[in-house]
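Labels for the chains are A, B, C, D, E, F, G and H, by order of writing; each one numbers its residues from 1.
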Amino acid sequence: MSPIESIDRQIVDLLMEDGRMPCAEIARRIGFVSERTVRYRLDRLRQRGIMRVVAIPDPKSLGFTVVADVFLQVEPAAITEVARRMTEFECVSYVSCSMGEVDVSVQVVGRDNAEVYAFVTDVIAKIAGVRKTSTVIVPQVLKDVYHWRIPSGACVNPGAQGRMR
Amino acid sequence: MSPIESIDRQIVDLLMEDGRMPCAEIARRIGFVSERTVRYRLDRLRQRGIMRVVAIPDPKSLGFTVVADVFLQVEPAAITEVARRMTEFECVSYVSCSMGEVDVSVQVVGRDNAEVYAFVTDVIAKIAGVRKTSTVIVPQVLKDVYHWRIPSGACVNPGAQGRMR
Amino acid sequence: MSPIESIDRQIVDLLMEDGRMPCAEIARRIGFVSERTVRYRLDRLRQRGIMRVVAIPDPKSLGFTVVADVFLQVEPAAITEVARRMTEFECVSYVSCSMGEVDVSVQVVGRDNAEVYAFVTDVIAKIAGVRKTSTVIVPQVLKDVYHWRIPSGACVNPGAQGRMR
Amino acid sequence: MSPIESIDRQIVDLLMEDGRMPCAEIARRIGFVSERTVRYRLDRLRQRGIMRVVAIPDPKSLGFTVVADVFLQVEPAAITEVARRMTEFECVSYVSCSMGEVDVSVQVVGRDNAEVYAFVTDVIAKIAGVRKTSTVIVPQVLKDVYHWRIPSGACVNPGAQGRMR
Amino acid sequence: MSPIESIDRQIVDLLMEDGRMPCAEIARRIGFVSERTVRYRLDRLRQRGIMRVVAIPDPKSLGFTVVADVFLQVEPAAITEVARRMTEFECVSYVSCSMGEVDVSVQVVGRDNAEVYAFVTDVIAKIAGVRKTSTVIVPQVLKDVYHWRIPSGACVNPGAQGRMR
Amino acid sequence: MSPIESIDRQIVDLLMEDGRMPCAEIARRIGFVSERTVRYRLDRLRQRGIMRVVAIPDPKSLGFTVVADVFLQVEPAAITEVARRMTEFECVSYVSCSMGEVDVSVQVVGRDNAEVYAFVTDVIAKIAGVRKTSTVIVPQVLKDVYHWRIPSGACVNPGAQGRMR
Amino acid sequence: MSPIESIDRQIVDLLMEDGRMPCAEIARRIGFVSERTVRYRLDRLRQRGIMRVVAIPDPKSLGFTVVADVFLQVEPAAITEVARRMTEFECVSYVSCSMGEVDVSVQVVGRDNAEVYAFVTDVIAKIAGVRKTSTVIVPQVLKDVYHWRIPSGACVNPGAQGRMR
Amino acid sequence: MSPIESIDRQIVDLLMEDGRMPCAEIARRIGFVSERTVRYRLDRLRQRGIMRVVAIPDPKSLGFTVVADVFLQVEPAAITEVARRMTEFECVSYVSCSMGEVDVSVQVVGRDNAEVYAFVTDVIAKIAGVRKTSTVIVPQVLKDVYHWRIPSGACVNPGAQGRMR
C-alpha cells in the first residue's frame, strides 16, 4: 500500500518540475481533477509537512563555485552547540550530526579554495569544542535533496524503481 | 559589489519562505516595486539558473525516518558510472563525488535500519566497481540546501553574517 | 506506559537470578500472586518470545580462558553467507553484521592465544569472501547479555536507572 | 580427553533447549541415568560455575529494536571506572575491555536511532574520562552467547565440529 | 589560446636548461629574434612574476643525503604561526598548509636519520600548537618544482603532452 | 667544519636572490674577490652539482591557481614505473617515492578544482598498478625548494639558525 | 615461589654480562658454590632451554646503520609461508606474526635508507601473497631481547622491580 | 669486499651455535688456525663491539608464554623519558623509538593475557606523557636478533643469500 495517494503524488511530481505551476495547470495535466481539488490537496500536503515549495538559490550561478565537505570532531559536550552554530554561517549549506568517527558534517560553499580554507581555519576550527577539522573538495554533486522523489516501492527491489529525471 | 541586486535578493528570500507566494504579495512585501517588475525579475532569476522554485517532499512525514550517509570506495575506472547509477535509486537523496579517501558519497533514506542495511548490502555493494561501503546513521540534519540563503558578505567575516531563520 | 506489566517484570527478574526457581517460590517471593498465575504468566512470557530460560555454559570454567573479538572485512556479495558460516563454529560465541568499517564481528573463545590465532588464520581467514581479519584480545567482559534487565525508563534519564546486580 | 563428562554435556545441551526442563524429563531423554543423578550433577555444574540457568529477556520483543555497538576511547587512568559505570545503565547489554585501538566496547539497545544517539551523546560521551565515542548500528545478531555450546573438539579442526542448532 | 607567447615559452625552456645562458645565445638558439628582444622579454617575464631565475643548492651534494616528509597535526588556532615558524629552519626545504587530515606538511633534509629524528622530536614536536608529527623517509624525488615546464595543453589530454627532459 | 667554503656560500646566496647576477656584480658584493675567481668558483659549483641555476616558471601567474597533493597506493611491482610515468605529465610538478602508507606522492597544478579532479580520476587513477588515489588541496605553499639555503649549522641547534629571507 | 632458583638466576645474570665467563669465575663471584656445581647447573639451564649462550653480531659496527620496521599485510592463506620466507633473508633480523591490523612484522637492517627501500620494494613487496608494506625507520633501539632479565616479581608491581643495567 | 674477514665470520658463526665453545674447538672446526689466533681474534671482535657473547634467558621456558607488542603515542616532549622508563620494567624485553604514527614501540612478556593487560593499563598507560596505548598479541616470533647472521652480500640480491639455520 502506498503511503501517499496517487493524485497527491502527481501534484508533488509536477511541483518538483515547477514549484509555481498554477493549480489550474496542475489539474489540466492530471486530467480528471478540478483546480479546486488540486488547491485543497496542495494546501493539505504543505500543512501536513509532506511537502514544501521553496526557492533554492544556485550557489554556482552566484559565483560560489567551490563546494567542500568539512568533517568535524567535536568535544562530546559541545556537539549540539557546535552543530547549531554551524547552521548560522551564510557559507554553510548543510549541517548534520552523525554516528561514527565524525561528529558533525558540514557542507561549505565558497568562491575559491582560499575562501573555503580561510573559513575552515579561521572560523570553524576556532569555535569552542571543535577538536579537528578535515576538508574535502566536492567537485560534483550529481543528485541533491530537491531531486529526491517519493519512492514508489521498496529500496531493495530495483526493478520497481523509476528513473530520476 | 554584491553578485545580485537587492530587489532580486528580497524576491529570493520571500520565495524561500513560501515558493508559491503570488507576485502581488511579493511586490507588496518589498514595498516599492510593481507586481510586473517582480514577475519579470522572478522569471529572469529562474532563466539564468540563479534560483529554482520546487516542491521538496519530506521523507520523515512519508515514513522514511532513517537517514544514512553511505561512503563508497570505487574502482577508479568506475567512479563516474557508479555515481550516475546511484542517482537512479528512489531511496537515494544525495550523490556526490569527492577528493579524499571516499570516492562517492550517498545519502539514503529508509523506513528503518534494516531497510537501509539491506539496500546497502544487497544493492549498492553489489554494483560493479564498488569496492567497499561504510554506512553511518545521521540522526539529525540541522540545515539543508533549501535553508541556504545567498550570502551577504564573505564567509570569514562572521560579524557581517545574518542568522538562519 | 511500561511495555511489560509489573508482575511479569518481577518474574523475569527472579528468573535472571535463578532460571530454575520453582513457580511456588516465585509466587512466594512476589507475595500476592498464586503459583498458578506465575506458571501461566511464565509460559506466556516464553511463548511470546519476551524471555527465554536457558543454560549458559561458562567458557572460562571449561578451560576456554581466552576471549577475542575478530573483525572481518568481507566481499560485499559474501557477507550473509560468511556470517552464517561463522555461527557454525564451536569456538565462536557471537556473530553480528554491522554498518561501518567492519562487515562481520565475531567473538571467539579459545584455550590459549595460539588456539585463537590458529583458528583465525587457518580457518576464518581462508573462508571464501573474507578479505581481512583483525583480532583483538578481550581481557574482561564486565556485562553480558544475560545481565541485561528490562529497562524501567528511558536511557537518557540516568536518574531513573537502577543498578545492575 | 574431553573437559567435561558426556552425561554433563548432555544435561547442559538439554537445558540450553529449555532451561526449566524437569530433571525427570532430562533423565528420560538421556536414557540411562536416574532423575536423582541428573539433579545431583546439575547442582554440581552450577556450583562449579560451569553453567548457569537464567532468564534472558528479548530486547526486540520489548520494543528495543535498535542494537548498536559503541566503541570508547578512554583516558588510561579511567578505563576501569568507565567500564564499571557502563554496566549500570539499563540500556547497555554488553561491556568489555579490550586491547587494541578501542579501550571499552559497549552494546546499547534502544527503541530507535534517536534514543541510542541521545544516550551516546548526552550520557556516555559526558562521562569523565571518555575521550571519543564511535557508534555503529548492528542490524543483525546471528549468534549470541546463549547459543554457544561446549566445544567437542579443537577449533582448528572444522571436520570435528558440530552444527549450531 | 596559450597563456604565454611562443617566444616567451622558448626563453623559459632554455633558461630551465641553463639559467645563466646569455641573451645572445638564447636569441641564436631561437633563431629569429634579436638579443635585445630576448633581454626585454626576459626582464618582463621576471617582472610579471611568470618566471624567476635562481640558484638551487643540491642537498645531496652538500651531504644532506636524507629527505623526509613530516606531517603535522596542529591546534587550529596555531596553524598559520606553526607553518610560518617552520619556514625559518635551515633544514626545512618545503612547507605547505593543506586541507585533509594533515594541517602542515614539511620536507626536512638531514645528514642522516638520527639528525632528522632529533630535529623532529626535539625541535618541531616541541613547538607550541604542534599536536602530533609523523615522519616518512623519501628515498627518491623523481621530479621537483624546477622540472615543471609550462604546460602546452590541458592535463586530461595526455596525447598533447610533452615529455620531461 | 663547514661542507662548503665561505666564498662559495656567498656566491650561492647571491644567486638565490638573482640567478642572472653578473659575476662582476657578485665579486663587488662579496668585496674581496675578483670577477674571475667568482666565475671559476661558480662554474665549479655547477660542475660538481652543488648548485644549479635555473628558470622556475610560476604556476599561479600562468593561471594554474590550484595546487593539490595526490597520494597514490600502487601495486608493489609497479611503483617504479608509475612514479616514472607521473613525471611525464605537464601538470605534475613533483613526484616522490616514500616509505610509509603512501607509495608515490605527486603534486599537481591545475586551473581549477575540476581540472585537477578530472586529471586524477581520468588519468592517474587509470594507470596500470594504481590502486587508490587520495587528493588534498594545498591552499598555501610557504616555502619551496628554491628557498632552501645551505645550512650553517646543525638542525637541532635552532639558536645557530639564520632566517629565511 | 620463584620459577627459578636463586643460584641459577645468579648464573644467568653473570652470563648476561659475559657469556664466556669461566665457571670458576662464576663460582667465585657467587661465593658459596663450587665450580662443579656451576658447570652442572649451567648445562642443565641450557638443556632445559631456560637459557642459551650465543654470539650476537652488532649490525651498527658492521656498517648496517639503518634499522627499519616493515609491517606487512598478507593474503590470509600466505601468512605462514611469507613469514617463513622472511626469516631467510640476511638483512632481516626479526620476524613475527601478530594479531591486529598487521599480519607479519619484520625488522630490516641496511647500510642506508636506499638499501632498505630497495629491499622492501624490490624483494619483500614482490613476494607472492604480500598485499601491502609499510616501512618505518627506527632511529633508536633502547632495549633488546638480550637485555631482558628474568623478572623477580610481577609486572604490575613496579616497586618490586629492579633496574636494567 | 666483505666488511669482515673470513676467519672472523667463521668464529662468529660458531659462537652463534654455542657461545661457550672453547677456543680450541673453534680452531679445530675452522681447521687451519691456532687456538691462540682464535682467542686473539675473538677478544678483538668483542672489544671492537662487532660481537657480544651473552646469555639469553628464554621467557617461554620460564612461564612467560604471552608476548605482546605495545605501541605508544607519547607527548612529544616526553618521548625520550618515556622510552627510557620503559627499559626499566622487568617484563619489557624490547623498546624502540620510531618515526611514523607510533612514537615508542615496546615488547612485553607476561604469564597470561591478564598480566599483560594489567601491566599496560595500570602501569604503562599511567606514565606521564603517554597519550594512548595499543596492544597486539604476538603468537609467534620466527626470527629474533640472535638469529641474525652477518650478511654475506647485499639485501637486494636474494640469490646470494644463505639460509638461516
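Quick notes on this one:
By our rule, a residue touches a chain if its C-beta (ideal position, glycine included) is under 8 Å from a C-beta of that chain, and two chains touch if they have at least 3 such contacts.
A quick note: this is a predicted structure, and the numbers were derived from the prediction, not measured.
By the document's definition of touch, common neighbours of chain C and chain G comprise H. Any chain that touches chain C and also touches chain H is listed here: D, G. Our note on geometry: chain E versus chain H, Cα centroid distance of 42 Å, whole angstroms. Centroids built from CA atoms put chain F at 3 Å from chain E.
Distance between chain B and chain H, defined via averaged C-alpha coordinates, is recorded as 60 Å. Each of residues 97, 99-100, 113, 116-117, 134-137, 139-140 in chain A touches at least two other chains. In summary, the structure contains touching chain pairs A-B, A-D, A-E, A-F, B-C, B-D, B-F, C-D, C-G, C-H, D-H, E-F, E-G, E-H, F-G, G-H.
Listed in rising order, the residues of chain F touching chain A in the complex are 65-66, 112-114, 117, 135, 137, 139-140.
Looking at the complex, you find that chain D touches chain H at residues 73, 76-77, 79-80, 97, 99-101. Taken together, the chain B residues at the contact with chain A in this complex read 3-4, 12, 15-20, 48-59, 61-64, 67, 69, 83-84, 86-100, 102, 105, 107-110, 115-116, 118-119, 122-123, 134, 136-156, 158, 161-164. Chain B makes touch with chain C in their complex at residues 68, 113, 116-117, 120-121, 125-126, 130, 132-137.
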